[in-house]
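Have a look at this one.
Chain naming follows the written order as A, B, C, D, E and F, and within any one chain the residues start at number 1.
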Amino acid sequence: MATQPQPQQPASTYSNYQHFLITTPAPFVAHVEINRPAKLNAFHEAMWLELRSVFRQLSSDPDVRAVVLSGAGDRAFTAGLDVMAAAGGDGENGDGARKAARLRRHIAEFQECISAVERCEKPVICVMHGISIGLAIDISCCADVRVCAKDTRFAVKEVDIGLAADIGTLARLPKAVGSQSWVKDVCLTARDFGAAEALAVGFVSQVHESKGAALAAAVETARFIASKSPVAVQGTKELLNHSRDHTVEDNLRYTGVWNAAALQTDDLTKALTSGLQKRKPTFSKL
Amino acid sequence: MATQPQPQQPASTYSNYQHFLITTPAPFVAHVEINRPAKLNAFHEAMWLELRSVFRQLSSDPDVRAVVLSGAGDRAFTAGLDVMAAAGGDGENGDGARKAARLRRHIAEFQECISAVERCEKPVICVMHGISIGLAIDISCCADVRVCAKDTRFAVKEVDIGLAADIGTLARLPKAVGSQSWVKDVCLTARDFGAAEALAVGFVSQVHESKGAALAAAVETARFIASKSPVAVQGTKELLNHSRDHTVEDNLRYTGVWNAAALQTDDLTKALTSGLQKRKPTFSKL
Amino acid sequence: MATQPQPQQPASTYSNYQHFLITTPAPFVAHVEINRPAKLNAFHEAMWLELRSVFRQLSSDPDVRAVVLSGAGDRAFTAGLDVMAAAGGDGENGDGARKAARLRRHIAEFQECISAVERCEKPVICVMHGISIGLAIDISCCADVRVCAKDTRFAVKEVDIGLAADIGTLARLPKAVGSQSWVKDVCLTARDFGAAEALAVGFVSQVHESKGAALAAAVETARFIASKSPVAVQGTKELLNHSRDHTVEDNLRYTGVWNAAALQTDDLTKALTSGLQKRKPTFSKL
Amino acid sequence: MATQPQPQQPASTYSNYQHFLITTPAPFVAHVEINRPAKLNAFHEAMWLELRSVFRQLSSDPDVRAVVLSGAGDRAFTAGLDVMAAAGGDGENGDGARKAARLRRHIAEFQECISAVERCEKPVICVMHGISIGLAIDISCCADVRVCAKDTRFAVKEVDIGLAADIGTLARLPKAVGSQSWVKDVCLTARDFGAAEALAVGFVSQVHESKGAALAAAVETARFIASKSPVAVQGTKELLNHSRDHTVEDNLRYTGVWNAAALQTDDLTKALTSGLQKRKPTFSKL
Amino acid sequence: MATQPQPQQPASTYSNYQHFLITTPAPFVAHVEINRPAKLNAFHEAMWLELRSVFRQLSSDPDVRAVVLSGAGDRAFTAGLDVMAAAGGDGENGDGARKAARLRRHIAEFQECISAVERCEKPVICVMHGISIGLAIDISCCADVRVCAKDTRFAVKEVDIGLAADIGTLARLPKAVGSQSWVKDVCLTARDFGAAEALAVGFVSQVHESKGAALAAAVETARFIASKSPVAVQGTKELLNHSRDHTVEDNLRYTGVWNAAALQTDDLTKALTSGLQKRKPTFSKL
Amino acid sequence: MATQPQPQQPASTYSNYQHFLITTPAPFVAHVEINRPAKLNAFHEAMWLELRSVFRQLSSDPDVRAVVLSGAGDRAFTAGLDVMAAAGGDGENGDGARKAARLRRHIAEFQECISAVERCEKPVICVMHGISIGLAIDISCCADVRVCAKDTRFAVKEVDIGLAADIGTLARLPKAVGSQSWVKDVCLTARDFGAAEALAVGFVSQVHESKGAALAAAVETARFIASKSPVAVQGTKELLNHSRDHTVEDNLRYTGVWNAAALQTDDLTKALTSGLQKRKPTFSKL
């Protein structure tokens, strides 16, 4: 145990964020909380810009090997976009083409900020509870594993405010679950659905009695993942994400090239030896 | 309510179809019935050519915002291809290459007719009951949402008549549900499966006690969808269909360009305002 | 029945394999057993090279129309890679780039051997029981239908030995089931999962009380498939495999060209006539 | 020669077109002329709808094996879109999203009409002369072979009227020639370029002294192509068009399936035998 | 002319860059010079990070409608990577997998910086002269139009320093010119090639007598492009870039959606009217 | 120089081939001659099976770093398929679907044999002379660099014998040159074209006075390539081949992963140091 690198408290290097609280509940595990509970964790622009910064930092932080993402407070993971903050409009003039150019750039940057959760090289476990609508779905679709509390109220809410979801839900949700009849149903009707339904269709893979229980389970899973070879874990995330958007053949070719470098690691021997010796291996930073 | 555009009875403009009965069970909702119950709604060529015409008309009809598709009679949604009608052969001669050219053109047009259900810009809810085999699967895979009665008897029947399904089932079914082991099983064995199994694998998203109950629920869902912004609803269908056949990144880019125009709609304000005022919004035609 | 071509005992033409036992439990059905039970059917290099030879031969053998794949013995379908056999290293020197080139070629050939199960033109039903970890998942993902015994213990085990799975699991598993939250969970944690969970997520499509019962059911399904038109069955497998890696439109185009030749078969008439006459058709070899 | 099917004068079956003149300059060769010379063959909507009809008919006409496309009169292949006819606007109201929906449908149908030239199963040789700007480039990019007269004045003109070309030039021109620096130059500046430059970059493959000479050469090439096996020729066009939009591996797979039917033709023996006997083969209709 | 928005001198808002000199040689035209002539404009890391910042700023600057990119001094556009600066190594330890992770992240960021030239929404004309090797090819492949002086000495130099080019040359050069035999030749041999050869294969589209003449011509082309509708010009660039990486069908669909918004511009009327009135139109900012 | 690994004479390990003569004209260079000059080097099945074996062996032979491919004798590179040998037919019966299955498997294996030239990890320079028709084009399109003698007579000949080329020409030729009008012309007409035309369109990158001169130049280029880092050269070939069939973004990602291992080579230092010291580096085997 003496040679185990002591995970630094990430909180110190993550203390200057305004809208997110980052702590270290277990070695090599970061816990990111959306921290605007008084407003049901609803997002305004400064928040999604900051979300990108947080996950970029986590992605390259050698002291972090797994991430848990949740919302602060009892009532909501997030109620989605803060419509009041967004309603101001851009105040600029111009014809339809010029408005479109501004809107397109705006959407592209918004998408890119949320996608930072998916691009983070470390696995992200998303814990949902209470109100989890609109942007909540976009964000959680970027996570690797989704769990929730029994009280969660989900909705792909965008149709109800007059638009097609454009920050990732329509791109990722159909590829996150199997039943497309169900996907079309919830996206076209904007109806609520609960934890049991989310589990049945495979959107979440665990339901827990309470937010607390869900969070504890997520941290435990993150701790467990963080105890394994980071070369193996981060490679697995990368190759699974590549798989979604490529053919089997393309993915096999990419995998071969990836592992041609990744297998040149001491983690293989460490994992094997400690397995035989029934002790916990210690892996170098990555 | 005074400004609400009164949906015209579509039946009048749809009254010249031979094999399909089109009615208006709710505002902005069209109900299309396959109307050959004496023959279990089995299809011959004139029928699939007409199916294409029906859905092309619905696609651009501003008085239609959601579509329900079902089969007339108690016994079958459709028993598929009318084999007797198809068995006549083409009577033309030629070597294997020339026969192949004729077959290829025939299949391509047949596929294109059935795909009209998918290309229809308005959401389509398919209600199945009784015998729903062969072409029933090809057609229902083109719908957005699938529901069925408890008595439905499904089968990907083509292998039993000596051919691989070629009108869309093998292209779309694997992407409509999650379990590929199940897809291969039903496609390779041509065995029957029932409503419960269809629900468990996610092929349908609702099972009802009877055809009547299934139809009522579908009309209610269609009515609900039709009450929402058509800009939002039709954009959602388009972006979800695009998503199936593109990478996440490609879909995000396409979505950004799509919404750059779609967000320039009055529906946003209408939806928001009426939401706050707890009254039903009225949207212009699309 | 007199004209029915008598399936030859494949065992005779398959008797020179060392690590696999091939028998003929039913007409036109081959049963392939991984045959190293004393070592939990763990694979070394000679075995996967031989696996490729077995499935190449089955692919073009006109006396085989369906294949059942299982593991000999009571304890394991396969415990995966024989780590002890693999641990020898290559003993060759060279810089990191040269090691990478050797590793890449090695992985590519290993992948190509296992993919032979998928490329086999005849449907493959995989029967799992007992220990089914690591390479067991890579192999079974190449099969068309997966069934298992109640006692099966599955795991995507690679992370536990310090690597990302590279022989196909990360390429095919996400496309074989619906819930990506579940896929990420089992791949990132390397945790065990059982038959009930495998069924619930759709990884297997049947669970049986025992290995014996699972095997019997698989042979029965294989016998059933083998009784149908081989033109129809093998076309269905090809078109479904093509579908996974292509857009709907691409698959429809490919299907049209495929069936332009495949419909020029006597099997259509045979299947139709025998269906009407309620007798079993006899199809020519393919 | 007695058994040679006499090509019917297509003109008779093509005589009811308003804007195109169709004649038969050689056996199995159709010559399509854009026939509005007084207006520099500029297109209005009725014309592109008719263009689609013409090429659909040619595509399935067994008496046509090659097509020549040119513009009537001395001054222009076509001056492109008839801006005056298009400038009327749609007179309909609606917000930006609703205008966009109308524009999108309009563009999609316009594209689909012009693409009929590419989808025509028979090779199309396009002869350009004089003014060949705007839509002239969109149309000619759909042809298989492009030749021109020395006096041709080309331009990708759309930028000069305030829009990005949307009927196919930006999709196809970059794939029709090699130098992307040149493509960007002519598309971004809308500048004129002449026959010599078009030949140097490979946009056309022949330049002739006059329109008459270019047309004569095109008819001669079409006659030559039409004298060959239509199975071979039409397969070659299909496989080359498929190649442009697919990987080499995908195209090889598609080609194998295509030729599995196409090689079952009597044309192989006819071509071989007549080659040895140095006489002209006669091929059946396709 | 009075209403013409006066282009601000970009230099003022671009004056804080260290390694690039940005000026305004014509209305709405920015000229970016790589400004390290004493070192043959060779790049170190701070430079490519700054290159990204410069082109991001240009991309969204409404006062810029076209960009010219060149190298300061008489001797080189750029001699590529400053090998001395790069040779320091990372000084960090770790096994082969960990080194690979650091290298991969480093390459990805380097690629992303250079790609900023391609992502810039405004057309970029690259002017090469003198030594233009290694990174010079990567960078110029990101530009839209390439011109050069007669004295330019090009080389895809990477093989000579022991590596495969990884910053974009191997991705983009094969798609920028036609002859793949030539591409393989210059990439595998690392040999020099001159202006005439570059023109013959279509890598550049103009050769001028001197750097000065090339620069003058590029500025003139940029000025010409900048005088046209920015909606049309920027749409054309976007659609051509999309075309390279998508099928014709995908690009047509994307184009339709793009222009559904872009055609809602006043530039159409302005361009048309001023064309008829033979005066220069004035377009609003974009 | 003492540590320079002496290239073994490949001829000894390549002496058991029947139809190909393999020699070592320069260090690390293999010269493969198609060796059936009495029959104009026409191919029968045993030859293409052997071609695959030859190039598989070369691909993994550490003593080979570049390959030259040519045809023995004065008259032909190859006259293509030996039609007499192929005309025997398969003598087997069966309906159209069963014939198609045999043809499809046959074509797939034939394609796979010829593709071995492309899959060879070492660069291949193809030298053509005299008759170079039919299969000559399929084969040469798999090479990296193509050169020819002045007397070469090329033709995509397949249409003249009643079929569409199916061994790779239609898949690869459109991607090997720029002008698609030219590609369609030569593929649809089957006309001859000469060395000058081949050079002008970029199909070959050099034309020499005679076969001898072309061969000498090819060997010299191969020798030059073989003197460079094999890590750099083979990586360059792999990444360029990947580029043809992937988007720029996909290729950049793949390149980053590839070079993450490839940069961990001693060749970087060797190449750099010897460059500074103006002496020839010696690279380890790969």
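Definition applied: a contact is a pair of C-beta atoms (placed from the backbone, for glycine too) under 8 Å apart; a residue touches a chain by one contact, two chains touch by 3 or more.
The structure presented is a predicted model; accordingly, all values stated were derived computationally and were not measured.
K.L.:
Quick check on the contact network: minimum steps from chain C to chain D?
P.N.:
Graph distance in the chain contact network comes out at 1.
K.L.:
Both chain A and chain F are touched by which chains?
P.N.:
In this structure, the chains that contact chain F and also chain A are B, C, D, E.
K.L.:
Using the stated contact rule, I'd like to know whether C-F or B-C comes out ahead in C-beta pair count.
P.N.:
If we tally the contacting C-beta pairs, B-C comes out ahead.
K.L.:
Once you find the CA centre of chain B and the CA centre of chain F, what distance in Å lies between them?
P.N.:
The answer is 50 Å.
K.L.:
If you average the Cα atoms of chain D and of chain E to get two centres, how far apart are those centres in Å?
P.N.:
The separation of the two C-alpha centroids amounts to 34 Å.
K.L.:
With chain centres taken as the means of their Cα atoms, state the distance from chain A to chain E in Å.
P.N.:
The computed centroid separation for chain A versus chain E comes out at 35 Å.
K.L.:
Scan chain F for residues touching two or more other chains and write them down.
P.N.:
Where chain F meets two or more other chains at a single residue, that happens at 96, 99-101, 175, 177-179, 201-202, 231, 244, 246, 249, 257-258, 260-265, 267.
K.L.:
Think of each chain as a node with edges to the chains it touches; is that a line, ring, star, complete or other?
P.N.:
Topology of the interface graph: complete, with all chain pairs in contact.
K.L.:
Could you list, by residue number, the parts of chain E that touch chain A in their complex?
P.N.:
60, 94-98, 100-101, 105, 231, 234, 261-267, 284-286
K.L.:
Flag every residue of chain B that touches chain F in the complex, lowest number first.
P.N.:
Residues of chain B touching chain F: 96, 99-100, 249.
K.L.:
Of all residues in chain A, which touch chain F in the complex?
P.N.:
Answer in residue numbers: 246, 250, 254, 257-258, 260-261, 264.
K.L.:
In their complex, what parts of chain A are in touch with chain B?
P.N.:
So the residues of chain A touching chain B come out as 83, 87, 96, 99-101, 103-104, 107-108, 111, 115, 158-166, 168, 170-172, 174-175, 177-185, 187-190, 201-202, 244-246.
K.L.:
State the interface residues of chain B toward chain A in the complex, per the touch definition above.
P.N.:
Those residues of chain B that touch chain A are 123, 144-147, 175-179, 201-205, 221, 224-225, 228-229, 231-233, 235-240, 243-244, 247-249, 251-253, 255-265, 267-272, 275.
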